[in-house]
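Next come two complexes built around subunit A: one with subunit B, the other with subunit C.
Right, the complex of A and B next:
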């Protein structure tokens, strides 16, 4: 808990400075509700509310997406390393202006409870920030804390895999919490909402649930930072991240590409090199 | 009114007798990935029923399922035997109040009766359950809902450890219970009084006019503040026991096409998109305003009671912990300040 407390203390110090000097109108961070005793996103604009800011193992949401609502305004944002990668992605896609955002980046992220993505995470320091909080982790420490990356889905036979995804997607009610929690899903019109062409039916059935999740995963290729926000948001406990995580591995293995590690990097699908692997992931 | 008092093994016997002639749905534990959720399912084993915790999903899914192929009700859900009546066991006061709002809209409305809903409702026997304690996020008491007792179910249960008190409000069902031992009215009153005295009331209070005055608050800035963290997903509406918005869809081509009725959600940006492309509720503050106003202004204006029953599921299930109680508090403060100015 010490790591979380240290980060909390430092976030408050930075937030205090930024708000008192009027450098930002708001700090987007994590904190308890006014009635509910649980951690969620909070938006702090008055210095007296700074003590509401917290960082705990329950700070599961990805805050980066809120930045899209604040274009043209100066805000500060608390960013876990995965969120900082999301912000770096936004910058490389020219979606936000760097000078409008003050990033409070968390170094040595101690991880989020129940988020399986954290077990596989090897980027534990913020990739971009104006203020760093926490303690930077060395590559050695990161490797030490990395859980064994045994992928149960890769090991399955095609039949078992089909059965697994069938039992997962059967529960999907298409509330679209995974889509809305995902920083990449910022399309003005999602393919699910299009009626011409009508990619998927409005009635919820196993077939169309498959279509939805597979199509979403395809859009994630080379963009997903494996933060696990989709999985954490799902009210039905579906392993939403499984397909997206596969896309992350494919991009890494075939093109040695990882999304959001550098705000200046080009997006995977926006550049081509004659030496690029042409191996498809369906074979 | 008939009052019976039986122990759990007598109830189990009754359950086993009834399950031959009825579908019996009750809240049981479901392991869903990492999540353990209590939801209604048709069950065979009495001992699986979870009595002491509010189900995570309301019985809405039974009487108003997400997908309905019109004219062919339970086809999608193989759990239910279409030829049998469904008994829904353990429906708490909040969920009964929610079903009352459905009944007002789909059956009692002078303009229109939804025959599909009416049929499903006629084929369902609701068996209520008295709450012993308020759940963390529930605020039924603040909205004036009696968690201890409701007469909206024809049969209502009071579970007291291994004892079940059964109150039969509707004569029609008395014959089912006629062989069972009678309960003592005075002892029953004692139990009710004890429960009322010991009910853990909500720590927050609320003083808002109902219906909420649309003209005064429609254009206020509170909606933006309330909905700032909203993701615009449909979780709150899908798990809400009173949200009943739906849409019709023709699916398939030519003679194979079928008409579906499906849940819709006012939190989706596509909910109000016109054919022209214009969207009158193009931002999440407008959509969240509609959710609050429907429950606390439009429903009470057009029907009776509120469109919210204070079950707290929207707070529990929201991926970003958006709290409807905070939204109502903010509305109260805004109206107070406005009234005082």
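Right, the complex of A and C next:
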């Protein structure tokens, strides 16, 4: 708990300074909402309110998506390492202007409760920030806390894998909570909402559930930072991150590519190399 | 389909208009025989291939997919097939992970002068798809078996 308290204290200091100097209009951070007693996104614009800012193990959502609503205005944002990768992705996709955003990056992120993605996380320091809070973790510390989790799906036969995903996606009601939680799903019109062509029907259909999850993973390919927000958002507890996490691993293995580590890099599928892998191609 | 008949797969073939489509043409005018299992769809470039088209074909009852484009470096639009290559590698890995057998997805390069090779590609594809049997859909419920059409979508 000490790490969380230290980070909370430092966030408040930075936020106070920024608001008092009038450098930013708003600070986007985590805190208790006005009605519910849960940690959620809060938007602070007066220095007297900074006591509401908090960082706790329940600060699960990705705040980066709010930056898109504040384009053209000066805001500061509290960014966990995965959120800072999200912001780096936004910069590489030219969605936000760097000089409008002040990033309060969390170094040595202590992790989020119940988020399985945190067990696999090996980027625990903010990749891009104006102000750093917390203590920077060294490579050794990160390796020590990394839980060696074997992927049980990888070991199954194709038939078993299909059965597994059927039993998972069967429960999907296509509420699109995973889409809304994901920072990369920012399209103004999602393919799921498109009527012409109508890729996915509104009716209950396992085929369409598969189509949705596979196409979502395909759109995430080389852009997903494996933050686990989709999985946390799912009301049915579906393993929605499995396909995306696979794409992250493939991008790393075959193309030596990691999303959101450099604001200048292009996304994986927007680039090519003449000597790219042809794994799975016919001779 | 009765059990005595051999399983004849329906394969959705997406062919690049500048090379593989012409190769299919060449195979035809050269009287080179290849199995009639493919349903050819002409695309302007493999770079145009949205992964959606492949998923859609599976959802409409195609047992296998064949995507054929120009050899790397020969693209009519200079680099369309190079973008497509990455996309296919990712899609292939993803679908295999989701449990679709490797044999159903076939990607290859075939230039306009390779009529013979095109016939060979089709033969190999049909053989590979026959090995894994009929596609039962992502939901495992199968498709109606009416002749002469890719099975319609179930409601």
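FYI, the second predicted complex is superposed on the first by the 279 of 283 C-alpha atoms of A that agree within 3 Å, B and C clash if a C-alpha of one lies under 4 Å from a C-alpha of the other, contacts with A are read in each partner's own complex, and residues count from 1 in each chain.
What we mean here is this: a contact is a pair of C-beta atoms (placed from the backbone, for glycine too) under 8 Å apart; a residue touches a chain by one contact, two chains touch by 3 or more.
Keep in mind it's a predicted model, so treat the numbers as computed, not measured.
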Which of subunit B and subunit C A:272 touches, first, second, both or neither: second
Contacts of A:205 with subunit B and subunit C, given as first, second, both or neither: both
Partner chain in contact with A:61 - subunit B first, subunit C second, else both or neither: first
Partner chain in contact with A:250 - subunit B first, subunit C second, else both or neither: second
First, second, both or neither for A:40, with subunit B first and subunit C second: first
Partner chain(s) touched by A:233 [first = subunit B, second = subunit C, both, neither]: first
Which of subunit B and subunit C A:222 touches, first, second, both or neither: second
Touching partner for A:214 - first (subunit B), second (subunit C), both, neither: second
Common interface residues of subunit A - those touching subunit B in one complex and subunit C in the other: 203, 205
In the complex with subunit B, residue positions of subunit A that touch it: 33-36, 38-43, 61, 65-66, 114, 168, 171, 173-177, 179-181, 193, 201-205, 232-239
Interfacial residue positions of subunit A with respect to subunit C in the complex: 153-154, 158-166, 191, 199, 203, 205-208, 210-211, 214-215, 217-218, 221-222, 242-243, 246-247, 250-251, 254-255, 268-269, 271-272, 274, 276-283
Complex contact set, residues of subunit B against subunit A: 32-35, 37, 66-67, 137, 203-204, 228-229, 231-235, 238-239, 247, 249, 251, 260, 262, 265, 268-270, 315, 317, 319-323, 325-326, 329
Interfacial residue positions of subunit C with respect to subunit A in the complex: 51-52, 55-56, 59, 72-73, 79, 82-83, 85-102, 105-109, 121, 124-125, 137-141, 153-155
